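One chain, chain A, links the two complexes that follow: it is found with chain B in the first and with chain C in the second.
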Partner chain A sequence: MYKAIRSESFAAWAFMAPGLLFLAVFTFWPIIYGVPLSLTDYSVITETHFVGLDNFIRAFQDHNFLISLWNSLVYVLVVPVIQIISILMAILVNSRIPGVKMFRAAYYIPVVTSMVAVALIWSWLLGNNGVVNYLLLKVGILSEQVSWLSTSSTALYVLMFITMWKGLGYYMMLYLAGLQGIPADLYEAARVDGAGPLRLIIHVTLPLLRPHILFCTVISVMGAVRVFDEVYILTKGGPGTSTLTSSVYIFQKGLEQFNFGYASALGLIVSVMVAALSVLVFRLNRRGGVNTY
Partner chain B sequence: MTTNRKGFTVSLLLVVMMSMLLAACGGNDNTAGTPSPGNTGETGAEAGKPVTLEFWTIALQPTFNDYFNELIAKYESSHPGVKVEWKDYPYDAISQRLLTSTASGKSPDVVNLNTEFASQLGSKGALLNLNEYLTDEEAKSYFEGIYNSTVLDGKAYALPWYTGTEVLFMNTKLVKEAGLDPANPPQTREELVEWARQVHEKTGVAGYAQQLISKLFPIDGIPILNEDKTAAAFNTPEAEAMIAQMRDLMAEGVVLKEDAEFSKQIQYFSGEQVAFQLSGPTFINFIKKSAPDVYKNTIAVTLPTGKANLRLSNSMDLVVPQKSKKTEQAVEFAAFITNAENQTAFSKVANTLPSSKASIEDPFFTQSDGSLEAEAKVASSQSLDKATDYMVGVPNAGDINSALARGLQEILMNGADIKETLNAVEKEVNQILNQES
Partner chain C sequence: MKKALRHLIIYVLLILLALFMMGPFLWLLSVSLMPGRNVFANPPAILPTFIAFDNYVQVWEFMDFPRYIINTVVITLLGVVFNIFLSCLTAYPLATFRFRGRNLVFTLLISTMIIPSATAMIVHYLTIQAFHLGNTFLGVVLPAAVSVFNIFLMRQTFLGIPTDIRDSGKMDGASEFRIFVQLVMPLVKPGVAVIGLLEVMAFWNNFLWPIVVLDDPQKYPLAAALTYLNGQFSYNFGWIAAGTMISVLPIIIVFLFTQKYYMEGIAGAIKG
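Right after this comes the complex of A and B.
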């Protein structure tokens, strides 16, 4: 028994236990508890009744919920754009140009800035008589001001841009770490065989980054579907339902209208959708990494 | 690897055990019979046993500490055996706080809520029906319009406390630039629109910014629901006309084409991007420090009412949650805070209006010393007797208001067809109403 306690793996588990405990209480338990909750009409302040699958049936007839699912799926379009741009940025920032470390820091600053501050600043930049409108009018791209966040055709894409702007640095750092794990002799060998910079990227860098691309894509997809902060702060789902994403809708149902049972059901449906998307991403990714060559 | 598995199993068991323990502690349902540790006899129905009332307010500490501490001391000395514990929370936190405390079985006794929230909770049965506790005289001491804003099915869920009605703030510099005379302000909504148009033409600045909310319908005499609250009633030609006019005004630039929240409206007025602002006297607090130049040029006059001659007020109320264990004392305390004498005193300190009829007779509310605050106060206290916090008054009012707001956004921001959108929203609202049975 003492041998077991003194063993390395026991120490490892002991160190992880507080973190696991925290996860269990604040992440796993609420998820598990959400399942029975979704079968009731719990609202804290009124009597709770068991309603079976009513919430789920209602969810699929709920016009606004279906719109929010669609908007969340559209939001996933931000993923390929972010990934491609961050890989390119990581490649650029990986070079030996003097002063490049400053760029690494600069690109990472949006990531560590509070989303509330970022959202507020963008709302001023994008507002009527804001800097963006001013510049575009001056340059002649626009002939009159556009209400970027109040026009349904642009609002969602503007939000996606803000999410992208904030998240690029994060993925860039992850890819940078991946790039620095690629053995330099592979590049040497390829150059000897006459490969130019573009072919180097396509045939050496990308295949060896595959595991990183897989990881980043999966968390990016999850983040895109679950996006909340920028949407809630800037548009609250409006105008109309053009920026109503699933998290915002669930929040409104649960914490603003106190339909916790219904909100739990919606949350479960969204989780299933995210899980399905993740499986899809895994399947689309063939094995890659350092063992490719 | 047996050691690995043992370590894993031990830790997993530990984690599962702890989470079960924590869940058991926090997972109580809404059973009222939770044993309360420590406190003295909670039934409180017998006189003589010391009773502690928990009193919650929104954003009143520390500014009004003196006023309340004095008031509470006065109450405690005249009601021996009753102690009042005063807690204060910011506006966004109070609903969460109330929820979590209700869920854990320790409900506060007297809570300060705005009418919308009080109406929502009342319709879900979470608040005490005050009609069973108040005398007729007490109930009639408040302005009817405001008092009835939270009466649903004959049950009164809130005691009105401090309130405010909307006034018209004008940036005199811009108004004069447009060739208009601020000493003769617009008397009707139509005149206000004309003024806004002229300001826009002569100065290029917009008239005012507006939030697209469901109250725009009743202001122009269009009811949201029918009399029995069983069906939507807003899909009328009058509604189409009202929305069409708003759309035209936005296209002209007379009204800013935006669903402007209060914070945005403050920005626009402070930045002199609009010449008028329609809101309560507390607006002054926001521009006084942040835009002193604009503050100097601002005056407040009575806001012309819309077609329905409806004076909308925004009231803060006091409610007693159903789960309170000291209901009699709680209602008594709430009635004390909202009686005429105390409301008058509070209004003087806080720059708000009282909701009790007797208070308004105090000359404080009709005399102006020329400052913007005084002007706004005088302007907003007129027609307080006709004021009402318009509430839809059904349990899913929040959903209905959202549907209407979204419909307005679709039409005015996204250019959707008015008739089609009104039809769609009507269908949605009727669906929402049907879900309540």
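Right after this comes the complex of A and C.
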């Protein structure tokens, strides 16, 4: 019996070797190497010295870094919006009516489209004399045009809107899978007790979706803090620093200014922040929110 | 009667949402079909007044699209093959063998999902440079050649294979590897299909990492080349729109044809 495990061990490790090798180099190594890297001032151009915690001290005095942390936190506000809307969408497309599968696919198309294309389309729609301004003026919501992406007070929220638009289909699919796992008898039983549609959602659907809501919220928060593509393509952090998010700033410091040591330190701080936010989401899921049976 | 009303409301909501989600794409399509129109004219162009494919023909010739498409296909193919190969090989023992160190591997894998690295790209850049893979397609593909997510997804699939298969293979005297290749792998096609699809979409749409790794714009994949398109012809909206449609349509078509596997795959992944 022991011999069987031993020969299985050999086979097991033989199978896993190539994959683990790649993971070691491209998944474990970045996490590990980030630490010593952050304690140096490695920047390709100058000599490298060990600088201890200097980078971290500098980070908390770095005005732009602090602004980027704040912007990333503001970005997290998009998470509840996305989750609520995508849950409602999932409930909607869970209806068994002809043609619903077509609609599900349509809602997923923004998800499979490259962010480059999505950003381009919206930058045109939102530009001066663009379709959005035109429609809003015509309907009377605006009295004059707004430079959505070039105005510091609106740019970040517009980016959040684009992130939401592209992501709704993705979360809708995840929630739909969750919804389809809920046995119909539960709804029947509740209906027999006289529950209307709203109460059905609050007392049957949501509690049973709890694990999905937790999972989706955590990955959504992680995605929000580390948002990059749409910001980099559309505003690069501007105007000023109004849309400078943490990932963009780290990218600028690391891969544009080649300040690898400092950028690693910034990255570590952000990772800790993300981990803390994830823990917070786990806690909230247990205490507040909806009660489970 | 009440049921019909409910259905009507549902359809209205579905259609409104569809307009919201698909509207921008349809608008891009109509812009691409109108040569010479200004997207920022007043009133803005929404519906095409005439249809012409000039933009597509012109931007195709001017931009040397075939090259970018080939780049994208090569990168995507490499990426998909690596991922399927590596994630299957790595997931199989985790699902079927008992061996020393199994829990350790599990813990390590899960911990990487909890600790996201905000500086992964920076370290990857240094690693790729160290291996002298800068400005190569391999340099673009290797950092994403396998992912913990794919490994867990395949593991979930392998767990669904009955153990008798392996036992009967062993009784016939086959080696573990032969059992894996000839008996087990043919049974996990759905899982492989899902990974294939997810990776095709990820590699096809990836623009940032290729720009970081590749110095030569001639090697850019479509998404990266698109950013240049916008930079070079900022005022020829028709061309930009046509170019964007060309790069986006393949993925949409692939998605529409493979939806079924995709949805089933997501549902399966959720359970795992």
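To be clear about the criterion, the second predicted complex is superposed on the first by the 262 of 293 C-alpha atoms of A that agree within 3 Å, B and C clash if a C-alpha of one lies under 4 Å from a C-alpha of the other, contacts with A are read in each partner's own complex, and residues count from 1 in each chain.
In the analysis below, a contact is a pair of C-beta atoms (placed from the backbone, for glycine too) under 8 Å apart; a residue touches a chain by one contact, two chains touch by 3 or more.
Only a predicted model underlies this, so the values are computations on that prediction, with no experimental measurement involved.
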Which partner does A:Gly261 contact after superposing on A: first (chain B), second (chain C), both, neither? neither
When both partners are placed on the shared chain, which of chain B and chain C touches more of chain A: C
According to the stated criteria, A:Thr241 is in contact with first (chain B), second (chain C), both, or neither; which is it? first
Output check: A:Trp13 vs chain B and chain C. Expected answer is one of first, second, both, neither. What do you get? both
Answer with first, second, both or neither: which of chain B and chain C does A:Ser150 touch in the superposed model? first
Touched partner set for A:His63, first chain B, second chain C, both or neither: first
In the superposed arrangement, which partner chain does A:Pro207 touch: chain B (first), chain C (second), both, or neither? neither
Is A:Asn128 contacted by the first partner chain B, the second partner chain C, both or neither? both
Check the residue A:Leu168 against both partner chains and state whether it touches chain B (first), chain C (second), both, or neither. second
Should A:Glu47 be classified as contacting the first partner (chain B), the second (chain C), both, or neither? first
Of the residues on chain A, which ones does chain B touch that chain C also touches? 9, 12-13, 16, 20, 25, 28-29, 33, 127-129, 255
How about chain C: which of its residues touch chain A in the complex? 7, 10-11, 13-14, 17-18, 20-22, 24-25, 27-28, 31, 39-44, 46, 85-87, 89-90, 92-94, 97-102, 105, 108-109, 112, 114-127, 142-148, 151, 176-177, 180, 201, 204-205, 207-208, 212, 222-223, 226-227, 230, 237, 240, 244, 247-248, 251-252, 255-256, 259, 263, 266-267, 270-271
Within their complex, state which residues of chain B touch chain A. 1, 3-4, 6-8, 10-11, 14-16, 18-19, 22-23, 27, 29-30, 95-96, 99, 102-103, 121, 124-126, 256-259, 264, 273, 396, 398-399, 402, 405-407, 409-410, 413-414, 416, 428
Taking the touch rule as given, give the residues of chain A at its contact with chain C in the complex, in rising order. 5, 8-9, 11-13, 15-16, 18-20, 22-23, 25-31, 33-34, 37, 89, 92-93, 95, 97, 100-101, 103-110, 112-118, 120-122, 124-125, 127-131, 134, 165, 168-169, 173-174, 177-178, 180-181, 212, 222, 226, 228-229, 232-233, 246-247, 250-251, 254-255, 260, 263-264, 266-268, 270-271, 274-275, 278
Within the complex, chain B is touched by chain A residues 3-4, 7, 9-10, 12-14, 16-17, 20-21, 24-25, 28-29, 33, 43-48, 63, 127-129, 147, 150-153, 238-242, 252, 255-258
